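What follows is a set of structures to go through.
The following pair of complexes shares a single chain, chain A, combined with chain B in the former and chain C in the latter.
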Partner chain A sequence: MGSKNILICIKQVLDSRTVKFDKEMKSIIRDGMEGIINPLDCVALEAALEIKNKEGANITVITMGPPQSETSLREALAFGADKAILISDPAFQGSDTLATSRVLASAIKKLDVFPDLVLCGMQTTDSETGHVGPQLSEELDLPHVFGVEEIHIENNDFIVKHPSDDGYLETIKGSLPVVLAVTHELCVIRDLPLGSLEAAFTHNNVILWDAKDLGLKEDDIGFQGSATQVLNLYAPSPKRKGELIEGNSEILLEAFMKKLDELSVLDEENENQQ
Partner chain B sequence: MKTSNRFGGIWIFGDYRNYFRNRVTLQLIAKAKELAQKLNTQVAVIILGDQVHQYVMEYIAHGADIVIAGEHPYLKDYHVEAHTFLLSQWIEAFQPEIFIAGATSFGREFFPRLAKILNTGLSADCIALDIDPETRLLVQKTPAFGGELLADIITPETRPQMATIHPGIFKEIPHDSKKTGKVIYPEVDLLPQDRLKIIRRRPQKKYTTGIENASVVIVGGIGLGSKAAFETLFDLAGLLDAEVGATRPVILSGWTDESRLIGQTGKKISPSILISIGTSGALQYTSGIMGADTIIAINRDPNAPIFKIADLGLVGEISTFLPLLIETLRKRL
Partner chain C sequence: MDFELNMKQAVIRRTARKYAEKRLTAAAVEMDRTGTFPLNIAEEMGKLNYFGLEIPTKYQGAGLDPLSYAIVVEEVSRVNSAMGLCIAVHNGVSAAPIYQYGNKDQHQEFLVPMATGIKIGTFCLTEPNAGSDPSSIESTAIRVGDEYILNGNKMFVTNGGISGINLIFAKLQQGKMKGRLTAFIVESDRPGLKKGVSEDLMGNRGNPVCPISFYDCHIPAINRLGKEGEGFKIAIETLRGGRIGIASQALGIAQAAFDLSLKYSRERYQFGKPIASFGAIQNFLADMATDIEAARLLIYRTCNLRGKGMEHLKESAMAKMFASEVAVKTTKIGVQIHGGYGYTKSYTIERLYRDAKICEIYEGSSEIQRIVIANNLIN
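This part shows the complex of A and B:
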């Protein structure tokens, strides 16, 4: 077997502390905001780089997003990815996960070489759905494992580990290609190699595809291609009007015990023990 | 699938694995009953497994009007592709208008794939559900940006309207063995060959589900100052019948393991009482505790953001307060 072709789906996200949103469009304002690579997508990239270091691999990163997402692709190139594709078109705006996975799948199918391994972060820090990995696998008709925390590739097979909610760590085996949604436990992200960022910005080219390049129709993408609609987007009102007590430990203790009594924590405790 | 008048009924995925600790299915039955009243329809729980009779009876005792149970030896374990294969067929046949599942690791893995096969909308990890009285649509409230924003999501055209729901949000209806319901056993014959093989299942040492279900949770932050101080939280937890959680900096300092991590990249919890000790209140952490009924926070810095969301904020020295609290509780109990 030659070296593997690995494809990583990344998303540029905004720092959640500086986020602003458009009430009219019910969407996030991205203009003029600094974007970062979604942290779990960095984990996916790191996993791919480790495979590349060990046995060689050809790494392609793709992202669907506004033009400024290109900086995140450049950053991925600086880390050691070989090729980057920006899928961008104003018509993609408003895409839910159904439409997004459709767009990503059409780009993956357009590649010269179909990837052996498709990696993505388990979820993003912005919309936090965790849908795109599993839905992409359906769209590509590939098997999928969610929440992967260990990856081994052997010839044409993969062995991965992921936790199940009944407290077991499952070891799963299958044949490539596969879509894996990865989680933090997988690996620790390396530091950016010195000087690499500059090189990535000057030398590497980022390929740009729009809806037409991918042969996507209006009905497939954006608001029209989405089954869900955002009815409202709002900051939850801080419902707590708490009291603040400052003082020595005795004063704090009194307030604490009074609260426990109010909430009958200790009464319940006594009942349980009877 | 596009909507039509034939769609009716609320379906819940019967996630019976780890039954006694994972109560999300029962919580969803309770909420669905409430929604069903507004829609004048019935609540059905769908389960797939091998010999699941005991769970069928449990779901009826907890309020399900109907249980649809598919039995087959292969379904002894959860298989994503077998689940999506069967459920997509049954949805075609029964046409439920709403289908919800707990946002457990299996729910989060198979529900997006099922929604994709059905070409219908899905929202993730909802913290509230309601019915719009005018449109009869399911309004799905889901957090975004680490809980900074809430989105109300609807699925206007396609059916079923699908959502995964955060565990621990709704309260289950108490068990009542006198309740009756209808049970349907559809035939399960042909199953797809799963492309994945589970070759090993090993219990995880670090695993704790206690935290998600505990009614009192104590979360320690880096402000505790030392591993030894963090460990005294377990003494406090013993006295309050509580579980112990931790913030990301505590995990990074190696005071405890990742299974106790509370926050955006860890567990999201909704206990009755959350006691937050030595945590500044970074968004990454607080997004995991917004479901708590009451938050008590202790920190030496009066400007710590945690106090903005606390019901009771105590400003002072943890190193003297904590031992005093433990001692006082010991005497009192």
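This part shows the complex of A and C:
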């Protein structure tokens, strides 16, 4: 068997440690904020690099996003990816996970060589939906495993482990190609040598594709191509308030139950706070 | 003028910060407490190119531009000033002059092990009787056949205890260049080179700063860096760039002090409010942030000039002097904001206050920097 072609879908997200929220505009402040590769996509990249180190592989990273996503692609090249594709077009704005998966799938189909292995992070730190992996596999008509913790490739087969719905670790064997949505347990991300950045950031090796290149129609992408809409976006504010109640256990328990009752926190209808 | 980092520089900052926070945070505490240097971490950093920052990739360095170099030193120092000092000295005043003044053979022989951190470098100018005044150096070099014989004592050698390669400045004893400083590359395993006991330092305690002495130390003539009598020029020009490293170290310390102080002042409640809500603390924070920003811009501008190959003697002196003084000022205020807690070793700000002070002293004290700046303005 020749070396495998691995495709990794990455997304540039804001660093959750530094993200700031505009309360009036109900939006995340993106100006001047630095994008990072979604941490679980880094895990997917690391897994691919480990396969490449062991038995050789051709790694392509692909992202759909605004032009500044190029930074993340170049970072992936610095880590050891061989090829990078940026899918960017103002027409993609407003795409939900379904439209995004459609765009990614059409880009993957456009590749010279169809990948043996499609990897992506199980979810992103910005919207945490976990939709893209499964939806992408549907668009590509490929099998898919979610929450992958271990990957072995043997000839044309994959053997992976992932937690099953009932909490057991399940081993699944199947034929390539496959879409795997990976999780943190899979591997530890290597440290990036500073010397790898120069070449990754100077060479002209990021391919740019827009909606036209992918032959996508307006109805398939952006708001129009989306099955879901974001109605509201807000940062939940923890409304914690300390109150000191003194007395013996009976008094405390009574006061506590009364408090819970007052706040209606035990009512089933009160599940949605906002 | 563009004040934004480019894509690559932004990733370099993030990469260095991430690595430093992950690997150097706990080490900083241990290094300060025990006064020992973690060779295993240095080995790892060597593989990640932290010891070959500006060394070209053909010698296995990272080939970074001066601004990226400053950013890496800043980020490492922000977490671990003793390690920041180690890479600043190694890269800035040991590897850099070997690259700048060395010939091809010297590049091949010395830069590769330096770039990979296998051999850590020093810069040995200071002596018991020669600090700010290099003309009073007493170390001697005598040419005998294909060798030089070195004698003398060097003091306060940063990285001394762990060095593999040492840049030595000594006065020639004969010939046309008699009495003139000359630079030599001396491997630590040369017979006649003796390292003394590491100093028990106030700050940056993890860096093995020690004396290095030469007793009839024979070195091959091919280990001479530059021409005979060129030592003074090499030293001065090296320090011009070296100041960027120390300025960046100072900036990292100052930034760390600010970050901790901001966090603490939001968490510490007095009179029922976070102390950050009080005018006195707000004034502190505003001054600290402004000073740090000014220091950063001075350093980055100096790097910009250096990157373009333009003169930057005055600018690097300004950056080094200002950033050092900002580090001392900022850490001092930082301890004040932390109150009694800041005076205990349980709080990082205490270490930062001690780490900062040396920045005003080494690689040209603030007083010497002012002379350099003033001379540049007047002449």
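The criterion applied here is as follows: the second predicted complex is superposed on the first by the 222 of 274 C-alpha atoms of A that agree within 3 Å, B and C clash if a C-alpha of one lies under 4 Å from a C-alpha of the other, contacts with A are read in each partner's own complex, and residues count from 1 in each chain.
FYI, contacts are C-beta pairs under 8 Å (C-beta built on N, C-alpha and C of every residue); 3 or more make two chains touch, one makes a residue touch a chain.
Given the structure is predicted, the values throughout are model-derived calculations rather than measurements.
In the superposed model, A:D126 lies in contact with chain B only, and not with chain C. Set against each other, chain B and chain C touch different numbers of residues in chain A, with B touching more. With both structures placed on the common chain, the touch criterion links A:V230 to chain B but leaves chain C unconnected.
When the two complexes are overlaid on their common chain A, residue A:E34 makes contact with chain C while staying clear of chain B. When the two structures are aligned on the shared chain, A:P134 is found in touch with chain B, with no touch to chain C.
Within the superposed three-chain model, A:K173 lies in touch with chain B and out of touch with chain C [touch as defined at top].
Shared-chain residue A:E185: touches chain B; no touch with chain C.
According to the touch criterion, chain A has no shared surface contacted by chain B in one complex and chain C in the other. Interface residues of chain C facing chain A in the complex, by the touch rule stated above, are 7-8, 10-12, 14-16, 18-19, 22-23, 44, 47-50, 52-53, 57, 60-64, 68, 72.
The residues of chain B lying in touch with chain A in their complex are 17-18, 22, 78, 80-81, 104-106, 108-110, 112-113, 115-117, 119-125, 139, 142-158, 195-204, 207, 209, 216, 240-241, 258, 264-265, 272-273, 283, 290, 294-296, 298, 302, 307-317, 320-321, 324-325, 328-329, 332-333. Taken together, the chain A residues at the contact with chain B in this complex read 14, 16-17, 19, 21, 39, 96-98, 101, 125-131, 133-135, 137-139, 143-147, 159, 162-175, 184-185, 226-236, 238, 240, 242-253, 255-257, 259, 263, 265-266, 269-270, 272. Partner chain C is touched in their complex by these residues of chain A: 34, 36, 70-71, 74-75, 78, 191-195, 197-199, 201-202.
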